[in-house]
Amino acid sequence: QDVPEVRLQAVAGSLGGVPLMIMEAEGLDEKHGFSGVFELLPSDSAAQNFLIGNSDIAMDNDIIGVAIARAEGFDVTAFYPIGRLYLGIIVPGDSEAETPEDLRGMRVGHFGADSGTTMFIRSIVQEMYGFDVLEEYQFSQLGPAALVPLLEAGDVDAIFNFESYVSEAMLATDGRYLLQAAADYEEFTGGFAPWITNMVAHTSWLQENPELAYGVRAAYDEAVQIMQDSNYEVLREDYISSGLGITSPEVLDVMIENAATYDYFTNVWTPEVIEAAYGFLNGLAEEGRVLTEVPEGVMVRLEDLVGEPGA
Amino acid sequence: MTLSTSMQATTLSPRPKAGTMDRNIRILGAILAVASLFAIWTTLSITVRPWVPTPYDTVLAMGRHLTSQGFYANLFLTLGRIAAAFLAASVIGAALGIAIGMNRKVEAFFQPLLAMALAVPDPVFIIFAILALGTGEAAGFVALTLAVAPFVSNIVRSSVQARDKGLDEMTRIYRIPSDKAFWVSLVPQLVPALLTAARFSFALSWKLVVVVEAIGQPDGIGASIFHSFRLLRMRDVVAIAILFILLMQLLEKGVLGRLEKRLLRWRQ
Amino acid sequence: MRGNTCRWSRSICGCWSSSPSCSLSNTACCAWPSAASSGGADNPRQTLTPSNSKGFIMTGTSDTVLKVEGLQVSYGSIPAISSLDFEIKRGEFVAILGPSGCGKSSMLNVISGLLPPTRGVVEVDSRPLYDAGRHAPKLGYVFQAHRLLPWRTVKQNLELVLAASDVPRDQWEDNIDRLLDILHIGQFKNSWPMQLSGGQRQRVSIARALLVEPSYILMDEPLSTLDEVTARSLRQELSGIWARTGATIVFVTHSIREAVYLADRIIILTRGPSTVFENYHVPIARPRAYDDPRIAEVEADIIRRVEHAWGLDPIKQSEVA
Amino acid sequence: MQKENNLIISICAVLMLLPIWWIAYRNTNFIADPFVVATALPHFLSQADTWSNIGITLYRVVLGLAGGVVLGTLAALAMNQNKLAEQVLSIYVTTALRTPSAIAAIMALAIFRGAEIGYIVVVMFITFPFMAVGLRDGLKSADKDLAEASQIYRLGSLRYIRHVLLPFIAPFIFSALRNAHALAWKVIVVAEIFGAARIGFGAQFDHAWEYMQMVEVHLWLLVFIAIVLFVEYGVLRVAERRVFRWRG
Amino acid sequence: MRGNTCRWSRSICGCWSSSPSCSLSNTACCAWPSAASSGGADNPRQTLTPSNSKGFIMTGTSDTVLKVEGLQVSYGSIPAISSLDFEIKRGEFVAILGPSGCGKSSMLNVISGLLPPTRGVVEVDSRPLYDAGRHAPKLGYVFQAHRLLPWRTVKQNLELVLAASDVPRDQWEDNIDRLLDILHIGQFKNSWPMQLSGGQRQRVSIARALLVEPSYILMDEPLSTLDEVTARSLRQELSGIWARTGATIVFVTHSIREAVYLADRIIILTRGPSTVFENYHVPIARPRAYDDPRIAEVEADIIRRVEHAWGLDPIKQSEVA
């Protein structure tokens, strides 16, 4: 066929892949003028795979990662948002902790200070409660999936994690969010919260394939629409639950409930939002731990980069 | 190339001024090696940007680490972990290797287990150890030891089986108590293999410690390397790695090299 | 066993070196009385060397200390020794002669307990070899290959076996020095085995066997790599040591003359897989001189017998170029 | 008789792991039920996919290991022959020896852009220094007497190496080979994980791990163990028995 | 070098086995003419063995093929050979006698090019040893220790050196079989060295040295571990081989009688660090018989000389027990 191919990747087991699954299942790629090659990659290698050019668009990069990559000379840019902060601190149901402050000195599991999840939680807690979790918590480090049994076994008192592991942990420990990153931060700032994942591509690819970029964007919008229209019940589809690696319907129940409460996806990509996100990044850069400078072009609007669609 | 010419180099060359010649060759060799490595590195840093950092950036990064407090803390932490794992794996592996080499029954029992232990990918060891023992130092230590000891025991076993049985008989005739015979007759025969095993075990411990720290520990050299990698700071990755490699090399040469000279004196 | 020790150290400190100042009844350097000799009247040596104290190691009434009956040794399915029967008396000096490959080393390995016999009985001190256990007699064994530990100096090699023996530590140094002197390798005390010549290594191996003050000495061609002069001197020393210590010696050699000079009896084996071809009692009284014409006669006699028995083609002198 | 006894012991050792596995399963929440794994095994093995994944990894390991063995052997020989070569190569060997596998994997991925050769090169790069060190130490202990005899009879380098040196260092070769082989499997897993492989054993394993599909993880581990045991008993042991016949 | 090969294979196929059917002038199994002998008139053998074809390996006019001048060998700072001077003629059979540890093996190692001399000149075929390179003469060396490859059977050990020689492959099997038969170890062709007795190993080592059809044969106590009967037969064979092949043989031994029987000349060394004590020309015409009383006389004469020179205490026969 003469429809050009676009290689899209997401991290296996993360929500960023769900729009891809829907595109594939519903044929949204053909509908929007491209033929998608969809891949779900393990988190250990997803970033490398995208950066060396083995796929065109990555769905699971956060803006901090994009900023870092740009600063190091990789010409990649985020051109659309995807996931809201469907992450946070989870504690078992019987935990006495009420706020992140109560966890000071306690054992907390996470999967790395350099992960987006930890970085977001850290800066949000810093801003809302005024302390550094890395200094106040006793951290244990393990992969995101393995954190759940760790919490269940009582080896840690809380974990930092993202969906769907959040739902799994809640189910396994009758747990709850101690901090829901998006909701709590929005409440704190009175509206704005950064999002976690983006559609990221090499700038050169965007410039060479503007129509395809717009096509992917449109397909994503439609996929999100399908989810919201079904009130996230679509997550029960086999292809999605197996793609997310969820085997028990109970986890799905929790997840769908969470999704309905916190809304997983966003497609708000206005200059204001981008501006606010830059502000967030600049705040991180001032603190200087993960970022020292915020390079140009971490986030772009396709309209600014390649002009209006069809032009 | 005939044998006689090639062997003259090793066995026939007169060695009156071997001292200075040796030294010159060593220096020349080091220069050659470092220069060629540098050339390869520079080429790669140009062709595989930005994955391979330039030597210049790397040297700057090395300087930065050398002057930072945190680097030394991580350094000693990791060295400690390596030392502990190296010692435990060497001792356990050597003991097992000797037992296996001496006794066919013990061999029959342990060999399949060792082969399996060798087969398990390192991340699995580490993750299972963490899941079983929690994320303290113990998990890393156990995982490292479990992963490295089979290698050591393989090397030692081969050497035990190749031993000179005539000497065993000699010690039996002269009723040298078996513990003593073990130390004076068997162990010296194993020295070359034990040294190889020590090298192996040292090298593997380091490789594994990087993985352990990457997966399960927030501190140490390995964690620093991985942290830098996550942040795509390849110059830091390479800088830390080089610094640590140099340090380990010094340690190995200093300790193992000296030990080797001492232990193999009788060979001249 | 204190007596034993003393007996040995005396012989080392006084009589082993064949210096003219050493008389055979020397007791000067050991307080232990040498007069207490008894038993073993069967042994011709008894009458010749009144100072020998071998009576003290006798424990039973029988003086047969080694009995080999129907001994068969096979490697895999290939027989090396087909059937051996012989007895050795306490204090006897027995030489073993046999063609190369007939099973002499294998036999020593069986006697010493290193090699389990395929069939047959080996009794040492009236005990089956494998019951001997802790009571197993003390053995010195000069292996056909030297089997020194290459990573220990000569001295260290010797100290190793001393440490396992019951020679008191303060006598080690002296005993080692004297023995090395006797063997003419005193100056190599601190050399590594790799630095020694073939004959020197062999002599260290002999020193090791003698040092532990064994009641049995097995020697597998111990002098074959030595020059004639050194060998003669050592034969003489060995003879003296045997006379003084009362040790039982089984001595494998290829030199018929050496066998005749040294031994009470020569067990001649057939070609392998071997049996006993002849028990040859050496009809020459002691003391013997190496160049005694009678020794040459006996040698010629034995040569005549074995030449045929060992089954090579008869030697054709006339055809030699 | 003796041989059969030993076989029984070996089998017992392996069987002994089953109850241990079961106990571990009962007492932890991340080890899968052995019976469930056993039930899943036939289906797992009947899938063509399983075999193609094993096949591709096997291919990478075999080529990479072969390269590593050849390279390591050459390096060891060169180091043994010539002081200058020893100095130069020992620095290369050390560098390779001390490079963390994951870094090597990532670099190879970047340099070869995820091409198949990248995995092979990683395995080669990681195994060769171990081979070289093992062999060099073996060569150092080589018997001088035999070398001299070869010189007298003018065997020439090739024959000397083939018939005198190699047999002499055979014990070292075997242990180095055993270890390099085990290492190759470990490395390929790391390389496939960090090198973003789509297919192959490490990729599947990582995938299963990512989803915490513990049954799947166990199945892959079993396959892994089966392969390595096969190499140990089907290849290495057999070869060893042949090569060391002379020890009797 | 085709002629060489033929010369050797003939001797193996016809004359090495001392069966009565083999006459010395046998040319039956080799088409190469044996009449073309020339040169080397100095060699007593020349007149005795007209069929010897050694003239063909002579390349210069001088028949001194090995010249050792002022040879000194030290290990570290310790001297093993203090100063050796001697010459060896083409086709000569020279025996080396010397006390154990005097430096005989070291000397052979120097001559063979294995050990660099500390000082002095060693010329082989008028070329300094280290210039010889490709032209280095073919050597057979029976080491003091057998140095067989334990991982190759007897046959494989022999084939290995044959493969490096220029003996055509179709003659290997025959040559090996004949030589093993001569050495009485035919049935061990497929055994591993570990399965052989000491003497058997030594004989395989001799076979190896002879198989490559060397023009020089160095032998370090080759017969010391063999029984008298086998040794006699081999001495005779060796004598025959030497006569027929024209090889130059340097033969280290501790048996003075053996030296007298075999050699044209005996180089007697002093105690180490050694020099030449005496160049002893054996005054007995060939063919010689091993039990010829003249040999015993010469032996006794040499013993008398060396006993004193080798510097042990004079042997005190009278004191022996």
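Labels for the chains are A, B, C, D and E, by order of writing; each one numbers its residues from 1.
Criterion: a contact is a pair of C-beta atoms (placed from the backbone, for glycine too) under 8 Å apart; a residue touches a chain by one contact, two chains touch by 3 or more.
Here's who's who by UniProt: B, D = ABC transporter permease subunit; C, E = ABC transporter ATP-binding protein.
All figures in this text were calculated on a predicted structure; none of them were measured in a lab.
S.K.: Please find the path from chain A to chain E through touching chains that uses the fewest steps, and give that number.
M.R.: Minimum number of steps from chain A to chain E: 2.
S.K.: Please tell me whether B-D or A-B has the greater number of C-beta pairs in contact.
M.R.: B-D
S.K.: Just the number, please: Cα centre separation of chain A and chain C in whole Å.
M.R.: Those two chain centres are 88 Å apart.
S.K.: In whole angstrom, how far does the Cα centroid of chain A sit from the Cα centroid of chain D?
M.R.: Their C-alpha centroids are separated by 39 Å.
S.K.: When the centre of a chain is set as the mean of its C-alpha atoms, what distance in Å lies between chain B and chain C?
M.R.: About 50 Å, centre to centre.
S.K.: Where in chain E do residues touch two or more of the other chains?
M.R.: Residues 113-114, 145, 195 of chain E touch two or more partner chains.
S.K.: Residues of chain B that contact two or more other chains, please.
M.R.: Those would be 2, 4, 11, 51, 127, 131, 226, 267.
S.K.: Can you tell me which residues of chain A touch two or more of the remaining chains?
M.R.: 52, 143, 146, 149
S.K.: Flag every residue of chain C that touches chain E in the complex, lowest number first.
M.R.: Going by the criterion above, the answer is residues 18-20, 24, 45, 48-49, 75, 97-101, 103-105, 144-145, 184-185, 195-200, 203, 220-221, 224-233, 236, 239-240, 242-244, 254-256, 286-291, 300, 303, 306-307, 310, 312-313, 315-321.
S.K.: For the complex, which residues does chain A have touching chain D?
M.R.: Contact set of chain A toward chain D: 12-13, 39, 41-46, 48-49, 52-54, 143, 145-146, 148-149, 152-153, 245.
S.K.: Would you pull the chain D residues touching chain A in the complex into a rising list?
M.R.: Those residues of chain D that touch chain A are 29-30, 106, 109-110, 113-114, 193-198, 203, 206-207, 209-213.
S.K.: Touching chain C in the complex: which residues of chain B?
M.R.: 166-167, 169-170, 172-177, 180, 184-185, 188, 191, 265-268
S.K.: Provide the residue numbers of chain B that touch chain A in the complex, in ascending order.
M.R.: 49-51, 127, 130-131, 134-135, 215-218, 226-227, 230-234
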